[in-house]
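The first chain written gets the first letter, and so on, giving A, B and C; residue counts start at 1 in each chain.
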Amino acid sequence: MAGSLTLGELAAMVGGEVYGDPATLVRNAWPPQDCDAHSITLVDSVENLPKLEGCAAAAFVAPLGVTEPGRPAIRVANVHAAFVAIVTHFRPRRERSVTGVHPTAVIAPSAVIGRDVSIGAGAVVGEEAVIGDGAMIGANTVVGDDCRVGAGTMLAPRVTLYEGAVVGERCRLHSGVVLGADGFGYRLVDGRHAPVPQLGSVEVGDDVEIGANTTIDRGVYGPTKIGDGTKIDNLVQIGHNCRIGRHNLLASQVGIAGSTSTGDYVVMAGQVGVRDHIHIGKGAIIAAMAGVTNDVPEGEVMLGAPATPVREQKLKIAAIAKLPQLRKEFRELCREVSDLQSRLAERPNNSTLDRAA
Amino acid sequence: MAGSLTLGELAAMVGGEVYGDPATLVRNAWPPQDCDAHSITLVDSVENLPKLEGCAAAAFVAPLGVTEPGRPAIRVANVHAAFVAIVTHFRPRRERSVTGVHPTAVIAPSAVIGRDVSIGAGAVVGEEAVIGDGAMIGANTVVGDDCRVGAGTMLAPRVTLYEGAVVGERCRLHSGVVLGADGFGYRLVDGRHAPVPQLGSVEVGDDVEIGANTTIDRGVYGPTKIGDGTKIDNLVQIGHNCRIGRHNLLASQVGIAGSTSTGDYVVMAGQVGVRDHIHIGKGAIIAAMAGVTNDVPEGEVMLGAPATPVREQKLKIAAIAKLPQLRKEFRELCREVSDLQSRLAERPNNSTLDRAA
Amino acid sequence: MAGSLTLGELAAMVGGEVYGDPATLVRNAWPPQDCDAHSITLVDSVENLPKLEGCAAAAFVAPLGVTEPGRPAIRVANVHAAFVAIVTHFRPRRERSVTGVHPTAVIAPSAVIGRDVSIGAGAVVGEEAVIGDGAMIGANTVVGDDCRVGAGTMLAPRVTLYEGAVVGERCRLHSGVVLGADGFGYRLVDGRHAPVPQLGSVEVGDDVEIGANTTIDRGVYGPTKIGDGTKIDNLVQIGHNCRIGRHNLLASQVGIAGSTSTGDYVVMAGQVGVRDHIHIGKGAIIAAMAGVTNDVPEGEVMLGAPATPVREQKLKIAAIAKLPQLRKEFRELCREVSDLQSRLAERPNNSTLDRAA
């Protein structure tokens, strides 16, 4: 841990303005619930000021809108950038401890390794694989034959790229990611599920992040593709032949079945399921746990299973919530109608009583 | 990449019939959206012919039903087998680069390794483990003590078999698979969840495929079993003591709680959840995202959460979709009844008005 | 496998009482469906006695309430403890085969390794990592720089701790677990999702169990925390900044979004999804597949998506099940009202017919 600084020194570091005593001593930086009396914390909006109640922090980083901080503070336009700088001062990230190729890594003779590459202990790089300049391959990661890993890309420890997988530049693949396992395709032949050969590959664009233990299967004949700038969370499944657009956000535990495609800037929240062979239009948003069973138009917001445009689905949810009450009222109305029927039947001059059934 | 061939040469290779110029030069084979002017592509049914619109392919493989291909084609009965042969010609799979036991693999002295076994870099094989003839153990895979891996079985890189796991012949276990972790069983003792000892094992039959990052827990006292010919997709969870039948298809992200069993030929689509201690009958089909809470009869098709026979569930879904409309109509009917009540009340000779409440 | 024993010898071993012939020879112990004629099995309650039908077992372990076992038995108060002892006699767990640091493990010079630690083949331990006394680090597991692993903790083969992760004492982390991957946080800058720096860590308490392929992300500025005694199943996702209480039970495939907290003794069944920035009160129970979208009060039982208190949700489910019937009855009632309207209209002396619309 780095040494302590005064509030004034921290404010100068982040280009902020001191409120209260600039000599206030700060030793570390934490979220409100983890602070002691020598910590600085962050409040990122005026609405979140109540989070300081009961917080022991000596001071906090405050957005410009906070006019009466109530305790020592640094006011600054970009509170997150400022707090990142302060946290990094107190708890600097360790320089990566492995540079070059670790002696226990196993690199095929025909692999091509770029400049300034770091390959961790026990990592395996296959025949004719190409590792771009500045890439990092984590410990015990396996890069198959004929893979390409772009410049500046980080494969965490314990990642698997099956043969032929292609990853672009500046990507980050987290631990446990599997690219290029066989897709789930079978034909029933004589009572047995015969595997359909999975001859395609996986192609990941530039600036893609893929979360821990996420799996992306190889295509049947061509590539499964992930577009540039797309960010994928942990434990996501993307089936064979999918074509995910650029700048998508796919949250944890999403599952996308085979041959489905998405436009750019699609967002899927956690645990969404998407069926095979459909298209999710550009900018569509799929709410958590929704089950998408049909094409989704551009920009639509979908909710529920089966997924339905949000306005419609909210009406349904509200109607379901009131359904027990509706049933009760329905029984009551039945009684009232029955009562009306009895009353009409009792009338002496009722000439219209006779009806079929 | 292998050299180019003429359409005539390709047709001869796959036993097909040429339509158009047999001298058409082909250099590679791709799905329609990935083709350039020297590619051949595949249309697997007459209905899919529109997929050729805008496709640059020089030619395509067509089923016999296509009478007017419109561009050079190879007509053949089994289009997929033909296209697999063509793709494999242009992009042959590399012979496996590791044969024998890699010098960095760690094999326990008491392990028994069959003939023609391939064990990758960094793999670990435990005491008294038995690896069958022709099996492949991928790089950095860990086979625990007393495991058995059948002849011809492939364990991808980075698989874990806990001690005592048994895998049959000709299986394929993909990267990240974990067989035999402890099941999730606890007893509350003095306010703490005390683990119930998990003393059983995992037994996988022959010809089973298990997808990337799928987990199958060991049984409590006996085996958790996967039947012959069953295919399991990525990120599936199978709890302790489960007995999965033969030739099941379990799609991605399915979760099956402990002690549940299935008959043969059961199919579960993506993200299905199944509770503990129930039985899914032979040939049952569980639709995507369904939540199964009770035994399912043979051959039943289940939908929804809680899962319900499909016909019933579809009625429910339709009824829910129309529920907001029903509520509107109900309000209208209430007004009409109220109106009828007023009219009857207004009548001079109405002798039946008096009623309790 | 250890030698056979008589029923009398087994009864003496577990402090039970013999019913039937104490000379009955027993060679192994299995669940009912796996027994041959020389096996002993377990029936854990009177209600489960029918599970013995068709079971070949020579004898069984029975609770005291079983007065007429019908075949040789050992009656004992704690049947599970007794059966665990018997199973362990017949199939003793192998002593761990690795003790000390395997020569192929890669330990950073500045790492601190406690007494009686076992580190498996190919494992990697980073700079200044601290491994407590008696800890076991499985083969090919990667412990990052500055991690701390408590005394008596077991990391299975193929676990990843990112730099700075802290795991308490007597924990068990199963194969494929990933602690400390970056959380899923981005800001849209000029049409690109720019990663928000993830500067926090993961802190796991004592006596925690984490299932295979589960992922827990590091916090943004502070720790993601798992409380003492909490048990987490396979394939669970816990987002950045979460604070999970003590003695929680989180079943398989649960997903908890960022910054959510739980009290002590919370239970979540399989495939539950929980949104970000909410709190689940102490002792709350969330039923399988529920989707929690709001704070949950202490002790509440929640069901469905969106999750609703169980009594309310069950009313909704029942109402939905009867919805098609309700729609039918509603149509009928409409006809009856229409009929009443006609009859009133037909009456000669109906003076109230005229109404607007």
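Going forward, contacts are C-beta pairs under 8 Å (C-beta built on N, C-alpha and C of every residue); 3 or more make two chains touch, one makes a residue touch a chain.
A quick map from chain label to UniProt name: A, B, C = UDP-3-O-acylglucosamine N-acyltransferase.
Small disclaimer: the values here were computed from a predicted structure and weren't measured.
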| item | value |
| --- | --- |
| Touching both chain A and chain B (chains) | C |
| Self-contact between copies chain A and chain C, residue sets same or different by half | different |
| Where chain A and chain C are represented by their mean Cα positions, the distance between them in whole Å | 23 |
| Set of chain B residues in contact with two or more other chains | 104, 122, 140, 158, 176, 213, 235, 253, 271, 305, 320, 323, 326, 330, 333, 337, 340, 344 |
| Interfacial residue positions of chain A with respect to chain B in the complex | 104, 106, 108, 122, 124, 126-127, 140, 142, 144-146, 158, 160, 162-163, 176, 178, 181-182, 184, 186, 191-193, 195-197, 199, 213, 215, 217, 219-223, 235, 237, 239, 241, 243, 253, 255, 257, 271, 273, 275, 291, 305-306, 308, 315-316, 318-320, 322-323, 326, 329-330, 333, 336-337, 339-340, 342-344, 346-347, 349 |
| Sites on chain C touched by chain B in the complex | 29-31, 33-34, 42, 80, 83-84, 87-88, 91, 93-94, 97, 102, 104, 120-122, 138-140, 156-158, 172, 174-176, 207, 209, 211-213, 229, 231, 233-235, 247, 249, 251-253, 270-271, 288-289, 305, 317, 320-321, 323-324, 326-327, 330, 333-334, 337, 340-341, 344, 349-353, 355 |
